[in-house]
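Next, two complexes with chain A in common: one pairs it with chain B, the other with chain C.
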Partner chain A sequence: MAEVSVRAPGRRWSKPPFIKSPGLRWGLYIGATIYFVLASYSILVDVDWQRVYEGLPRGAKFLGGFFPPFPFANIIETGGFEELAAQRLIDIGDGLIESLTMTVTSTAIGILISVPIGLGAARNIAPAPVYLFCRGIIAVSRSFQEVIIAIFCVAMFGFGPFAGMVTLSFATIGFLSKLLAEDIESMDPGQAEAIRATGSRWPQWINYGVQPQVMPRLIGLSLYRLDINFRESSVVGIVGAGGIGSTLLTAFDRYEYSTAATILLIIIGIVFFAEYSAGKIRARLQ
Partner chain B sequence: MLRLEGLTKRYPTGDEALKGVDLEVPKGQVLALIGPSGAGKSTLIRCINRLVEPTGGRATLDGMNITALGVGGLRQARRRMGMIFQEYALVERLTVMENVLSGRLGYVGFWRSWFRKFPQSDVDEAFRLLDRVGLAEMCDKRADELSGGQRQRVGIARALIQDPALLLVDEPTASLDPKTSRQIMRLICELCEERGLAAIINIHDVLLAQMFVPRIVGLRLGEVVYDGPSDGLSPDVLTEIYGEEDWEATIKKDPDGDDGVDGVEIDRERLEGLI
Partner chain C sequence: MPVRVEADIKVWQRRDRNKQLAIWGGWFAGVLLFAYCWQIISVNTTWFFVWDSPRIAADIGSRMVPPRWEYIYKIWDPLWDTINIATLGTMLALFMAVPVAFLAARNTTPHAYLIRPVALFIIVSSRSINSLIWALLLVSIIGPGVFAGTIAIALRSVGFCSKLLYEAIEEIDHSQVEAIEATGASRWQIMAFGIVPQIMPALAGISVFRWDINIRESTVLGLVGAGGIGLQLSSSLNILAWPQVTLILIAILITVVVSEWVSAKVRHAII
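For the complex of A and B:
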């Protein structure tokens, strides 16, 4: 107690700064500010504000074309369009089923391939050569955006949902393996050690010591990926890989904005539903 | 039965955790390993079942040289060495029964263990052990629903179902309150006696070690500096092990004043441990 009171009252304290050297600290602050101002200027200086002003009503008109969101809803009273509208709804239904099929199969295939790669990519359970190999696969899978892989797959397998399925499976591997591996790397080594000490074989060790620790996260990530794959299935369709994206592109190509709006609303609805049910399932898992 | 000869462990950083430890544990003997943090207690018992690879010396169990075993042989040898851990090391998301049965993994094939179809004799033994440690009703609870004392009992059952000849016990009471600590130590020692098991118990509670264990080995900086009966611990010996300090209060005053020697007392405490 005596020691504490010796410390003079009124002694100031403030949290030590993250970057210790004041020169470097202020240099970074000022440098970042100058860069931000110049970068913003370099972009804004080229904007034609007159064009933006004229474009606003054009954008509003474009958006207006989406309403009401039902195929040919704005002209359906004029007669003769009911049949076309029905045909569009069938097209949408077909595209949707194709998309959902692509989503489910690609997620399932992706998970099956991701699990062994994820195990191999975890530094704490895989030997160095396996680790590097699996990390390599993940890096390749992650470095290409879905659309680029889709273009490649369409070129290789032709138009249609097969190209889309391969694309999404490939993209799933990069996502799921990486996050699974990271979860394994941050597991509690004590539990795994205890299972090893019983004289278990390697696969038994994984099944008892590792799997229970990472399973909730693996399921959560898989549900999330299902969600992503559905959204991506509508994007890869635009480059010809089948699914609702192809239907959407066709609708735009025909200037049938109300059909496009129907499709967009359905996509939003399904994503909402997926989000909601995934949340429910995840809550039950813990 | 267990013999360590010049067991050495040098970590890649250059730290020498064990400097040629010689130790012999006869069948059925329980010994306590005491020493300050960083003395190498944990490393020593992990070098015996090679969760940590020793860098020199030998460990032999019933004449079998553990340090020279290949992967398959090591698995078989590990079945004979049950291990109990400081933080219980139960698989949190598995049930109590799965945790106990995981002690049989060395004996059953992969698919049986994958589908949790263990031989009936294993299941019988698991129920018997759970009953013995007082957790028969808990078998379908998830391990993370249990209290610390209960978890450690499951850990003990998991080690015993291996049908081991030797128990390696790493700080079994360090995460427990004083009363539960005594109950757990008493349970471990009773079970060792019932089954004729040898045990090495790492423990940093000197008084607790003296209370239950007849032989004490003191480890300091990776070397054995004391090996003798528990009532041979004097302030000088403790100073040798831990360094200068006033040790009078730490040493058991009356060798006969053991806690709760009569059976009624023991049973009452055991029941309380279940709450």
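For the complex of A and C:
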């Protein structure tokens, strides 16, 4: 009997590419490579490697500041609690309270203002001029980073938490109104129409036809924004708008890495706690 | 259905009494908390400056126009730096985020009680600390410049990208993975042919989304010395050159709007 080849004819299978059109695929690959080379060159050419090398011990010192965090480190080092350490703890506490109050007030004010703007920015509810106006406010609020807005608020209202509160409220408006408007635009029109068919007035229509549909998401987004506002409240202090950020900046400027590490650990802890409880609340609502 | 009886007539209402009371109680507690916080802020505020602010705003506004258009030749270079910080930072972040996401997802983690918490801690700490603080830290460690900014953006984005990515990994269709397993594939082959194709669209979407956010964030990194257009912004602010500030703000606005448009287009094409 002659030998039979069992090899099946045809090509070997290979994974289909992620981008289907070959022209677009290769164009993207080549363009990305050229950009990557140019951009890396322009970044790396300026790096002072000597300086980076000298800085590494300082980085290690900063990381060392985490173990153990500063109040405990002070107890271990000196066997007691120094006055300076107590003063630092008070500073951190003050900054933290300022940050938290800024977070709460700015989120509350932001939600109050963003609900009407969100209604105005929904195409299926608002007439065209109102729609354009509200979308304009949202675009301006979203385009600028909080810190840039904070610079102007500090220039206008002076140093302190008030400027930070206005900044965060303004940033909240852009975030919440945009997502609220998108949610209203994608709502089920049947329910809203049913309320309208009962002869309801406009506020009743919003209250019974629209609000129940968007409420769970609005609460979820508000909780998320509360979390973001706390995180942002830690940076607006860098330009003088109050909060834990100014304490942190002082700590960095004085190379007190253990104080800075303690502040960062506290921020991480609070964010973790906020995220965990927000998850619980959201799970209960849905 | 909650119904109230009023003179023998049943009246429909939205909630029953206890629920209504609980909601009012919640509102009351919320208002109290707000009043308390407002009190603290109010004590730390110089109200004279606040009442004076409309005049100051009008004054700054009048100094800001017209923008100093000639200055544009000086901001092309920082603008290019800003875009590089965001783009390379995002790329660097993705390199670190993919392994972290695989370690954090319940269905792919090597060990649910030893390795997963570590991955989750990396995600939370990266997300909690703003890129400006990362930049502050890196500037004091490796010196000012674009390089510090890029790494700051990367470190901030790792948490964001891995969080969204590990959620995508947890939501994959398990039957596809099982089909690959049934062919006798190794652990790496299962990943490459069973999991990766399913999360590829999510990964692309996440990276473009984060890139768009990073463009916005990298515009301010210069304020702490980490390169980009923020450097020009802060020096113009320091010398009170308001017309230059206006021009820089216009440049930032255009960059952000264009990047948002690109990001929306790409995400639309993927999904």
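Just so it is clear, the second predicted complex is superposed on the first by the 212 of 286 C-alpha atoms of A that agree within 3 Å, B and C clash if a C-alpha of one lies under 4 Å from a C-alpha of the other, contacts with A are read in each partner's own complex, and residues count from 1 in each chain.
One rule holds for everything that comes next: a contact is a pair of C-beta atoms (placed from the backbone, for glycine too) under 8 Å apart; a residue touches a chain by one contact, two chains touch by 3 or more.
What you are looking at is a predicted structure, and each value in this text was computed from that prediction instead of being measured.
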item: First (chain B), second (chain C), both or neither touched by A:Met215; value: first
item: Partner chain(s) touched by A:Arg51 [first = chain B, second = chain C, both, neither]; value: second
item: Which superposed partner A:Arg12 touches (first chain B, second chain C, both, neither); value: neither
item: Partner chain(s) touched by A:Ser42 [first = chain B, second = chain C, both, neither]; value: second
item: Chain A residues touched by each partner, larger count belonging to chain B or chain C; value: C
item: Which superposed partner A:Ser200 touches (first chain B, second chain C, both, neither); value: first
item: Overlap of chain C and chain B interfaces on chain A (superposed complexes); value: none
item: Chain A - residues contacting chain C, complex; value: 15, 18, 35-36, 39-40, 42-44, 46-48, 51-52, 55-56, 58-59, 62, 97-98, 100-102, 104-105, 108, 139, 143-145, 147-148, 151-152, 155-158, 160-162, 165, 231-232, 234-235, 238-239, 242, 245, 248-249, 252, 255, 260, 264, 267-268, 271-272, 275
item: Touching residues on chain A, where the partner in the complex is chain B; value: 188, 190-191, 193-201, 203-205, 207-209, 212-213, 215-216
item: Residues of chain B touching chain A in the complex; value: 49, 51, 75-79, 81, 83, 85, 87, 89-94, 98, 102-107, 110, 113-114, 155, 158, 162, 168
item: Residues of chain C touching chain A in the complex; value: 30, 33-34, 36-38, 40-41, 44-46, 49-50, 53, 56-57, 60, 80-81, 83-85, 87-88, 91, 124-125, 127-130, 132-133, 136-137, 140-143, 145-147, 150, 193, 197, 200, 204, 216-217, 219-220, 223-224, 233, 237, 249, 252-253, 256-257
